[in-house]
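Going by the order they are written in, the chains are A, B, C and D; count residues from 1 in each one.
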Amino acid sequence: MNNSHFSDCAQACIHCSLACTTCASACLKEQHLEMMRECIQRCLDCADICQLCARMEQKQSPFRQEMCALCAKACDYCAEECGKHQDEHCQRCAEACRQCAQECRKMAA
Amino acid sequence: MNNSHFSDCAQACIHCSLACTTCASACLKEQHLEMMRECIQRCLDCADICQLCARMEQKQSPFRQEMCALCAKACDYCAEECGKHQDEHCQRCAEACRQCAQECRKMAA
Amino acid sequence: MNNSHFSDCAQACIHCSLACTTCASACLKEQHLEMMRECIQRCLDCADICQLCARMEQKQSPFRQEMCALCAKACDYCAEECGKHQDEHCQRCAEACRQCAQECRKMAA
Amino acid sequence: MNNSHFSDCAQACIHCSLACTTCASACLKEQHLEMMRECIQRCLDCADICQLCARMEQKQSPFRQEMCALCAKACDYCAEECGKHQDEHCQRCAEACRQCAQECRKMAA
């Protein structure tokens, strides 16, 4: 995949959206499901917000900066929870959220 | 359809999202397409934002108030442009946007 | 909300999409979470598919019949699982899925 | 962006979804807008379908194969129209659609 035509922010958002979808889906199959309630909720929210943010960024929507500001918060919130869990999908999701929050903050500035 | 289990805000968002989708789609078929560029762009943005806002409202996302604040702005922006055109789909969309902006502002407060 | 400008199928899809979102979200807060894994997964899938189906129906996409056929299957699958649980959100979701499957099958025919 | 944890199909779908969004948005700004009606409509449809397909693929939805089959058709349909236009965004979109159709057909098989 040649991503060179998408902004760093759009790419980070898409990466994060898919990582969150993966994490929520994997959490729903874990034995320790009881511990993952909060993680699943935050991942689902973050996946949706990042998905829309990537699209708005890509089409240069006049609301993209406000969306990026909101997306950065959703990413922080998700990373905070995912970062507590040792599952590989959680660690990977937390890392994607941190990168996405960083790119979104640059864009929102 | 019994909508009684959905909040007024979620219903207004969904109504507006579908009205915007309808309007953008109808604009693309108009003879006076040249005049509708801005209307189409704003409707597409507003349709996506309202759709996500309805979902976040429905699941009581911790970010729903911020999303509602953004949604209200996108609705105002779309209503401003749609309101200029006499086409029935534009007038109907502008009205849906105004109602949605009002409900979203109540929720964001 | 005046829904008279949306087709019965688009309305049933939107209703079902929000009912599935509500159900998945409520399941994640239930004490008997362990029993709800499958329900949550099916609801999340169905919510996304119904949401897109409503939009495609609304803009009269050339792929709306195929989307309706797929949506009907996703609704059946979700209703099958939700229908097993006595929680009010599950019963309501199962009912919304059944109605949506019916409308989608009419449209796909 | 490290994409190695996403399937080739999910990546192709996301790439195509963003390329379609970019193309529709750029078409709306072209002087020769009149010629681009069909292109915009097909790109918007394809962007939405690819976006959902990527997500369903990523979470291994039981409906992912049917969604991939539908997505491949939407990609073909979009590539057919975009391929007629010399604008760089159209050519790039047509290419993304062809690659996505190929990956989706492998997955649907």
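One rule holds for everything that comes next: contacts are C-beta pairs under 8 Å (C-beta built on N, C-alpha and C of every residue); 3 or more make two chains touch, one makes a residue touch a chain.
By chain, with names taken from UniProt: A, B, C, D = Four-helix bundle copper-binding protein.
Note that this is a predicted model, so its numbers are computed, not measured.
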Could you let me know which interface, C-D or A-D, is made of more C-beta pairs in contact? A-D
Given that subunit B and subunit D share one sequence, their CA atoms superpose after a rotation (degrees, nearest 5) of 180
With chain centres defined as C-alpha means, what is the inter-centre distance between subunit C and subunit D in Å? 25
As a quick test, compute the distance in whole Å between the mean CA positions of subunit A and subunit D. 22
For subunit D, write out the residues touching at least two other chains, lowest number first. 24-25, 41, 44, 55, 59
Applying the document's contact rule, which stretches of subunit A touch subunit B when the two form their complex? 41, 44-45, 48-49, 52, 55-56, 59, 61-63, 66-67, 70, 73-74, 77
Could you pull out which subunit B residues touch subunit C in their complex? 1-3, 5-6, 10-12, 14-15, 17-19, 21-22, 24-25, 47, 51, 54-55, 58-60, 92
Name, in rising order, each residue of subunit A that touches subunit C in their complex. 24-25, 28-29, 33-34, 37, 40-41, 44
